[in-house]
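A, B, C and D label the chains in the order they appear, each numbered from 1.
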Amino acid sequence: MQLGMIGLGRMGGNIVRRLMQHGHTGVVYDRNPQAVQALAADGAAGVDGLAAMVAKLDKPRAIWVMLPAGAITEGTIRALADLMDKGDVIIDGGNTFWKDDVRRSRELAAKGIDYVDVGTSGGVWGLERGYCMMIGGKKETVDRLDPIFKALAPGLGDVPRTPGREGRDPRAEEGYIHAGPVGAGHFVKMVHNGIEYGLMQAYAEGFDILKSANLEERPEDERFTFDMADISEVWRRGSVITSWLLDLTASALAEDAGLEDYSGYVEDSGEGRWTIQAAIEQAVPAEVLSAALYTRFRSRHEHTYAEKILSAMRKGFGGHVEPKKAEQ
Amino acid sequence: MQLGMIGLGRMGGNIVRRLMQHGHTGVVYDRNPQAVQALAADGAAGVDGLAAMVAKLDKPRAIWVMLPAGAITEGTIRALADLMDKGDVIIDGGNTFWKDDVRRSRELAAKGIDYVDVGTSGGVWGLERGYCMMIGGKKETVDRLDPIFKALAPGLGDVPRTPGREGRDPRAEEGYIHAGPVGAGHFVKMVHNGIEYGLMQAYAEGFDILKSANLEERPEDERFTFDMADISEVWRRGSVITSWLLDLTASALAEDAGLEDYSGYVEDSGEGRWTIQAAIEQAVPAEVLSAALYTRFRSRHEHTYAEKILSAMRKGFGGHVEPKKAEQ
Amino acid sequence: MQLGMIGLGRMGGNIVRRLMQHGHTGVVYDRNPQAVQALAADGAAGVDGLAAMVAKLDKPRAIWVMLPAGAITEGTIRALADLMDKGDVIIDGGNTFWKDDVRRSRELAAKGIDYVDVGTSGGVWGLERGYCMMIGGKKETVDRLDPIFKALAPGLGDVPRTPGREGRDPRAEEGYIHAGPVGAGHFVKMVHNGIEYGLMQAYAEGFDILKSANLEERPEDERFTFDMADISEVWRRGSVITSWLLDLTASALAEDAGLEDYSGYVEDSGEGRWTIQAAIEQAVPAEVLSAALYTRFRSRHEHTYAEKILSAMRKGFGGHVEPKKAEQ
Amino acid sequence: MQLGMIGLGRMGGNIVRRLMQHGHTGVVYDRNPQAVQALAADGAAGVDGLAAMVAKLDKPRAIWVMLPAGAITEGTIRALADLMDKGDVIIDGGNTFWKDDVRRSRELAAKGIDYVDVGTSGGVWGLERGYCMMIGGKKETVDRLDPIFKALAPGLGDVPRTPGREGRDPRAEEGYIHAGPVGAGHFVKMVHNGIEYGLMQAYAEGFDILKSANLEERPEDERFTFDMADISEVWRRGSVITSWLLDLTASALAEDAGLEDYSGYVEDSGEGRWTIQAAIEQAVPAEVLSAALYTRFRSRHEHTYAEKILSAMRKGFGGHVEPKKAEQ
C-alpha cells in the first residue's frame, strides 16, 4: 500500500522504513531536504512539498502527518486539505490534543476528507520493536488502512498470550486497536502517557528512598548503602514490579548508578497535562497522575514563590528565620 | 500559685512573665545564667540548677519543662524524677511526641510522680495574645493546675462566642482544654500543627498560581500581573478564607511582595511528620497534610535523585536529553 | 448611584438590599416575579424584563448580572448587549470562568459596551458582613462604579490594620480591589476558592485523624476519645490556625459533634477545577489544591473503577480476594 | 543442602517444593498437620514441632521462618533461639518490618545465632517463575546459604540481559541480591512493595479516566465508550507502559471488563505503610506512594468524617445542603 509521510523526524522516518520493510511504498516530505534524501536512499520516493506529494499519490490518497502537535500540525493539515480530494484521508500520528482531532474532523468532513488520529507509542525503539497504536476514526477508513497499521504494529512476538481473549478483536494482540471514533486514538494515547508519568514517578520515589537510607540520625546498624544497579536488576526477575520502564532504569543504573550526568530537570509534554484535565472534567480522582506531573513542574525551579510564602508565614508566627542555603 | 520553669527560651520566659502578670510566682532555671538573670529582673526567683529548684518549691511541687523535645527534655525529666517526691507533678510543655508522654508517664507513675503534657500554640505572640493550650493528664492533676492554665490562656477576648456551646466545658472558650489522659494534649497539638502545614500550603499554592499568571504563552489580554500585597489584604475582610495565617501573609507581603529575602528553603518539625505517622497508623487518608510536608522536604534540595531517575528513563525510551539548567 | 440587578437569588437580592441601605437605588429583575416583589417591598424598583430595565435606567447604564455561570449568564449578557448603548457597562458578579470574561469583553467592545467582572466572596453572610470583591476591568469604568463597590465592601471594620500598608491602595483594606483588566477579578476569585478547598481539606483531615485516634490495635493508654467540639473551640483562641472556616466548624460541631446529619457527599464547583487547570497551564505544582478537589470527587462514589482495578491486580499476583463489604 | 521450613502456607510450601526440585532437602513444620502431610507426600521430612525440627537438622542448622509478620513470627523465632546453637542461622522470609530484623539480630547475636532476612516477591507464581529475593545478613552467612537462594531464584530465564552489567554481582541477574547487613533485605522488599502500590494506582487511575470518558455533559462526538480489555491488551505490545502488572490487568479485563465481581474494597499491608514511614524519616517526598496508600484507606469506607466536616463548613458559609445520596 502507498502512504505519504510528512515529517521525517525520529518517529516519521522510522515508520516509513518499517513500512517499506513490509513491502509498502512511501512518498516522503520534510522541510529539511537532507531528511528526505536519507529516506530516498532507503527506498522512499522523496518530494519537495505538499503539492508534489498530493500529485504523486494515487487516489484515494492517505497522508500521515508526523509533526510537533499544535500550530505546525494544524497549519500543515489545513494546507493539505486545500490540495486533497473527497475520499482522501489525513492521518495525524503526532501527539495532538484529542479535542483538536474532533474539531478538525468536523471541518474536514465538510470537504469530504477523512481524518484518522493515531496515538503511537514506541519512541526510538519502534523500528525494532514495532509501534503500539491506538487509532480513532470511522470504521471503513480504519479498515482500509489496516495493511499499514498491521505492518507497523509489533505483532504477537514472544509476549505470552492473555488467557480468555478468544472471540475478542485480534488486532489488540498484535499491538493496535481501533479505539473508537475520531479523537479516541489520541484520548487513549493521552491516558497511556498519563499512566507512564505515574509509573515513572513510583519507581523514582522508591529509588530515592533507597538512596537516602544511609540516614545519619539513625543508629549505625539501621543505615544502609544500597547498590542501585543491582536492586533495579534483581527486580527484573520474578518480582511483581517488572516492566519495560524498569528494564530501562536498570540499563541507566548499570551505566552510572549515581546518575551524575542528569541535572534533575525534567520536561513534561501535553499528554500528561491533558490527562489531568480529562480527569477533572470527568470528576475522576487522579492523585498519582497529578503528583507525577507536579514533580516535573517543581523539578524545573530552584525555589518556588509558594515556598517563600511558607517561610514568610513561619517568620510571622514563630520568628523562624530559614537558612539561606539548600542542603545539597 | 507557684510554678517552676526549666528552659527560658522564647516560650518558657514569656510563659513565666505572663504568669507573674497574673499574680503567680515563678522559680526559674536555664543553663544560660543570663536568661535566669533576665527573668529574675522581671520578678522571678532564679535558681542555678534542678536540685536548687526542687529545694525552693513548696510541696506538692509543679515544674514545667520547656525545652527542645527529644534527648534534652528526656534527660531533664529523668534527672527531675530522681529529685522530686510522690505527689509532685512534671509538666512537659514542649513539642514532645505523644507516645513518649505515655511511656514517661508509666515510668513516673512507679515513683508516684504525676505527669502532664501541654501542647502550646502561640509562638512569639503568646505573651500578648495568650497561649492556646491542649492538656493531657489525670483529671485531679489538671484541675489542681487550673490557675496556671487559666492565667496563660487567651481568655474570651473579643472573639465572638460560638453559638450552641451552652453546657459545654467553659475552658475551651477561654483557650485551653483538658483533652484527655496523658499524651492527649500533645496528640491534639500534633494534629493542630499538621493542619497548620496544610493551611499554609493551600495559601502558598494559591499565591504561586497568582504570581505566575503572567504566562508568556497566553494572548496578551489573558495575562495578569497581580499585586500580591493587595490581594492578601482584600481577602482579610469578608472573604471565606480569612485567618490569622492570612493576616501574617498580608503583613509579609506589605513589606516585600516579592519575598526576596527568603530563599525558599523551608524547615519542618516533628509534629508535621508525626501527624502523617498517626494518619497511617489509623488508616486515615491525609493527602493534603502529606503533600504539605513533602513540599517542605523538596524545598531543601536543589534536585532529587528521583528526578534524575525520571530523566534517565526519558532518555531510555525516547532519547530525550534534558537541559542542564533550571528555569529560574 | 443607580444600579440594575438581574438575578435576585441569595446573593443578588442581598447585594441590592445592602446598596439601598447605603443610599443607592436599585432597579431589579428576576424571572421569578415573587423575588422581584420581595425586593420592591424593600424599596427597589421592580421591572418585568431586560428591556424594561434598560428603559428604566439613566445613561450611562450599569447592570449587574448575578446568575448561575455558564449558559444562563451568557444568554442574558448577549440579550442585554442588544438593548444597551455605547458607554453602558455590564457587570458579571457570578462565578464565571475568567477566560469567558476576556472573550465577552472583546465581543462587547465592538459595540462600545464596557464589561466588568466581579468575584464576590461572602456567601449568605454578605448582607451583614459585607462582600469581599475582586474586580477586573478598565480603570475608568471601575473608578466610575466605585460608590457601588465601596457600599458593598465590608470596610475596615474591627479587623486590625496590616502594618506597612501606608501608601498602598486603600481599597484593599476596605475589602475590594481592582485586580487588573477584564478577567482579573474572576481569576483572583477562582484562586480564592481553590485556596478555600485546600484550607477546608486541611481541617477535615485533621479532624478525621482526631476522630479515629481511639484505635483498637493500640494499647489502652494510647487510645483517645476526643471532644471535637471543644477542640475546634479551643483552637479559635490564640492558636496559629484560627480562621473563619474554623469558626464555622466550631459552630457545626457544637451543634452535633458526630455530624450525623451529613452524608459525606460533597459537591464541587467550577472555581476549584479551574484553579487546577490554571496551575497546570502555568506549570505550578498544586498538590494540596488538587488533592482537596479529588477528595470531593471521591466522596460522591461508593466505589470507583480504579479501586476494582487494584483488587483485580491483587487477585492476579497474590491470589488475594478482597472482602465484599466496607468497614463502616 | 538441608533447610528447615516453619510455616507451610502459600509461600512456604512452594519454596520447599522448589528447593526439592533442585535437589535440596526439606524438613518441614506447620501447626496444621495436614499441611505437613502434604509436603511429606511431596518428599519433605515432616516434623511435629520446633524441638523435633531442631533435632532433625544437621549443624550448623538453617531454619527458614515463613509466617505472618508480627507476634507469630516473633514468638516462633524466640522459641527457636532457645533450642538452637551457636553457629545456626534463622532466616525470616516473611514480611517483617526491617527495624524488627535489626533488633532481633542484636538479640540473637548474644547467643551466637545468625539471622538473615529475606524479602521475597513472587506470590502465587513463585513455584513456576522462581522467587525474586532481597537478602540482608552477614556476608559469610549469606554466602553459606547461596545454594538455597540460587535454587529459589528465577535465574536468567528469557529476560534480556541488561547491557553494561559486566563486572557486577552476577546474582542480581539471577534474581537475588545480598542487599546489605541484617534488615537490608526487608528494607528493599518494603520499597519494592511501596513502588508496587504506586504502579498499581497509576494504572487504576488511567483506566478510571478511560471508563468515565463517556461524559454526558460533552457534545456527542466528544464522548467515548472504550473497550477496556482491548486497551489493556494493546499496551502489552510495544508500548512504554508494558509490565507484569499490566499483563495481570489484561487477564482480569479479558474475563470481565466491568470487574463486577470486585467490591472496590482494597486491603493494604505493612510494607506500603512502612515505605511512607521511611520516606518521612528520611525526608524524601513520596507523593505518589502516599497517594496510592491513601486510596486504599479511603476505599474501605462509605464516607469519612473528613467529608462530613467539609459539608458542615459548606453549609456554614454558603448555606449549601449536600444531597444525601451518592452518585452511583
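Assume contacts are C-beta pairs under 8 Å (C-beta built on N, C-alpha and C of every residue); 3 or more make two chains touch, one makes a residue touch a chain.
These numbers were taken from a predicted model, which means no experiment stands behind them.
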Note to self: According to the touch definition, list the chains common to the neighbour sets of chain A and chain B.
What the structure shows: C, D
Notebook entry, point to check: Looking at CA centres, what chain is most distant from chain D?
Noted result: C
Next item on the list: Decide which interface, B-C or C-D, involves more C-beta pairs in contact, and give its chain pair.
Entry: B-C
Item checked: CA centroid of chain B to CA centroid of chain D, Å -> 38
Margin query: Please tell me the distance, in whole Å, between the geometric centres of chain C and chain D computed from their C-alpha atoms.
Written below: 46
Checklist line | Chain centre separation in whole Å, for chain C relative to chain B (CA means) | finding: 31
Check: Can you list the chain A residues in contact with two or more other chains?
Finding: 123, 125, 201, 203, 205, 208, 212, 240, 244-245, 251, 281, 283-287, 291, 294-295, 298, 300, 304, 306, 317
Check: Which of the residues in chain C come into contact with chain D in the complex?
Finding: 10, 123-125, 200-201, 203-205, 207-208, 211-212, 244-245, 248-249, 251-253, 259, 262-267, 287, 291, 295-296, 298-320, 322-328
Check: Touching chain D in the complex: which residues of chain A?
Finding: 99, 102, 105-106, 121-123, 125-126, 129-134, 153-160, 162-165, 168-169, 171-177, 179-184, 187-188, 191-192, 194-199, 201-203, 205-206, 208-210, 212-213, 215, 218, 221-222, 224-227, 229-231, 233-247, 250-251, 254-255, 275, 278-279, 281-289, 291-292, 294-295
Next item on the list: Show which residues of chain A lie in contact with chain C when the two form their complex.
Entry: 240, 268, 273, 276-277, 280-281, 283-287, 290-291, 293-295, 297-298, 300, 304, 306, 317
